[in-house]
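Questions regarding the structure given below will be posed in turn.
The letters A, B and C name the chains in turn, as written, and every chain counts its residues from 1.
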């Protein structure tokens, strides 16, 4: 029968498509680093592959953070997850709760007898990715924080002194002058929830949620409808209305708006520096995030963002050995320093920070230690050491949706932030129920 | 309708049906059954544990104002897509039916978008309307329109409507053209002799005769807007800003795949299935009637 | 034409020309953008005449994909898309011509039940059952395979209906003659039904080729391996961020490559395409 032959061919074709034979042990690494960052990441993998014969790390770009995470979850359910997965910080709680799906990094290292010392990492970084007992569950990889970028060219063109404003009040007055001078995009911001809620809260030392921002347990609730949060979002909404704030989208879309020279000021990730340098279209300067100077205790310290590397479960021991070797490779101070200096991400080990400092890099490149300095400005408080909310991929989206409603002039900030809390808490309860 | 002459065999018809049935069962009935089963469960993202929760997922959905909002969004979107798509293609088809010279050239251009994938159509329009570099944005800015669909929900909605209508015009156009060409010329001529002008002829003769086609297209276009525009939305607005373009199908995908809320997403699937069944019944009744003509 | 009306003729052509221009404009912009350098696209407004980077852009995407997003070569994606666009119509035609032959030319227990089983699938587009279907594919080990890409799409009631309807129009005398000659059902199928169905099959092929080529959600879900991307998915994977971070010249070159094969099929097989479209939906 004809159809039998046909289906047989279909199946055969399918099998051919999936079969891969490799002499080396292949380690799949799914990531979300596009552009200049992707090049730097591929560079790390190439370097590791050249350094030994046994293993081959294959980096695969899987789209932006939320996409690669959902792709990996789907792949895990299907039984073909990658070995290493780069997960953004908000996915941390979800990954942590998935005990059968992941292998703690600490365990991977011990099993493979690779030397590993969690204390080598900066405490603000390590704390974010460790459980309550202090076991490191994922390997911090690209940690950043939100920084304030300005393009001095734009300031000069408008006849302003090329100095970054320190407070929001100053920022608005500068923004008005830039606008009056004909600058179309005055200020933009990436990651609205991360910058204007998460980092904002830590920077002003107010809680994002109860239970130490969720680090103390899954029965946490959001607190982002405080008067200060409402005031800040109201201010942003007004800026949009006056054309002083050009909203770019929920992820890193603002990076390119600043890098291409379209916008004069931006609050974006420290990691956007690589692309800013590569684009070479701005006379950039980095500084601390603006703050409201009438808030007591501000500025406190900012929190990290970016991503860590999770090791997925269900793989062969030989493959885990390779994973461990690769993670050790990544933790070397020299590699860390290279990653830090090429990308702008934070040096995540103390040794790497020291090494970079001693190399004179910061003297030659003023401002490049801005992220570390901002992260460690003060000893972290309960409000500023990080956050851990279940299903926060969804939770953050809810916050972003509500903020977008304010920017679009559809809701006032108070209603929006109240709605964000109500809807966010529902998500937290669902997570609590599913992860009893 | 039944065949008068048939063959007899105890096993052959089953064998002939087997491949179709096997695929239908494996890829339709099994998954649909699972969707129903999942819709009564609460699962974690990785599917490591699950729990039976009865109708909780459904009640949660109907308590969620955003889910109800999504119905409204879907209605606005599909009515706009169907309405605009049908109106524009009717106009073009009526015109194309009149011309002799250049008919093939017009037709060729007008059916091209049918070949373009929904996702690609989305990308093309998103590119032309891109907030900072788009060519149409540039023109709009010149006209004093502040175009930025990244933040303005109604503009985002407009963008996906335009892209979806653009893609669907070819289809509607071909059906209307076929419908117009099947109208007997003698009818039109008789009316013309009676002194009816082109506009009057269109309203009194052509349009009534086209109404079955138009009704059929209405159903098809609504189904199209419901499901097949997924690619357009995913390639452009992804449901945003602030869920302004989150139609029901996109929400199923978003909640199930992106947010890994299997139970909630499956409950939505079940509701959607019920809607589709209703739509199909409408369509089927119409087809039956048409067959009897 | 019923009567001469120059003004009306003028309006007619004007409407058609405007309509055609508006419809064609996005396609033209795509082509122009695919021949420009990224810098040229980034200048606002972008030029509306083709530039000199045609060969450069197309060879880059065909062999190396984008440089910032997915690096999968578009050439491989085109092969995947072709496999999918061919397997879907072939599979669909095969299984549905057989099943409708059974339903029309045989009387057997449960015939109506089976017919309804097939009919019901009309009501469940893949979009409403994505999660469980994905799970089923995973259980069967069909992720990232051609079988996984195509099998769920080849079951559909529309083709079965089309053939059923067509078989109804085949005169009973033919079957009667075959029976008198002592020909069995399969002989009749091969010698009479199949040759008569050629146009219907061609029409179905065109429609389903486009359907298969343009699939989006399904390949998006089940291909996690870059080597299995179809070209439509490839475009999506090249979009990495905001307006200016995307390599629009390469994305648009890929979009052109993604549009051309189905457009060629539609334009070259226009007659069958129109027939197929109008008939499948009846």
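FYI, a contact is a pair of C-beta atoms (placed from the backbone, for glycine too) under 8 Å apart; a residue touches a chain by one contact, two chains touch by 3 or more.
No experiment lies behind these values; they were computed from the predicted model shown.
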Checklist entry - Expressed in steps between touching chains, what is the minimal separation of chain A and chain B? => result 1
Item to check | Among all chain pairs, the one with the most C-beta contacts | outcome: B-C
Item to check | Distance between chain centroids, defined by C-alpha means - chain A, chain B (Å) | outcome: 37
Checklist entry - Just curious, how far off is chain C from chain A if you go by their C-alpha centres, in Å? => result 39
Next on the checklist: Quick check: how many Å separate the C-alpha centres of chain B and chain C?
Outcome noted: 16
Item to check | Contacts with 2+ other chains: residues of chain A | outcome: 3, 7, 74, 77, 248-249, 253, 257, 262
Item to check | Sequence positions of chain C contacting 2 or more other chains | outcome: 42, 94-95, 98, 135, 151, 221, 243-244
Checklist entry - What parts of chain B, by residue number, touch at least two of the other chains? => result 19, 132, 257
Checklist entry - Where on chain A is chain C touching in the complex? => result 2-3, 6-7, 10-11, 13-15, 17-18, 34-35, 38, 60-64, 71, 74-75, 77-80, 248-249, 251-257, 259-260, 262, 275
Checklist entry - Which part of chain B faces chain C closely enough to touch in the complex? => result 1, 3-10, 12-14, 16-17, 19-21, 23-24, 26-35, 38, 88, 91-92, 95-96, 98-100, 102, 105-121, 123-125, 127-128, 130-135, 138-139, 166, 169, 171, 174-175, 178, 188-189, 192, 198, 216, 220, 227, 230-231, 234-235, 249, 252-253, 256-257, 262, 265-266, 269, 272-273, 276-277, 280, 287, 290
Checklist outcome for this item: Contacts from chain A onto chain B in the complex sit at residues 3, 7, 66-67, 70, 73-74, 76-77, 94, 97-101, 185, 240, 246-250, 253, 257, 262, 391, 393-394, 397, 401-402, 404-405, 407-408, 410, 423, 426, 430, 433-435
Item to check | Residues of chain C touching chain A in the complex | outcome: 42, 68-71, 83, 87, 90-91, 94-95, 98, 134-135, 137-138, 142-148, 150-151, 221, 224-228, 237, 240-245
Checklist outcome for this item: Listed in rising order, chain B residues that touch chain A in their complex are 19, 42-49, 51, 60, 64, 66, 132, 148, 150-153, 240-243, 257-261
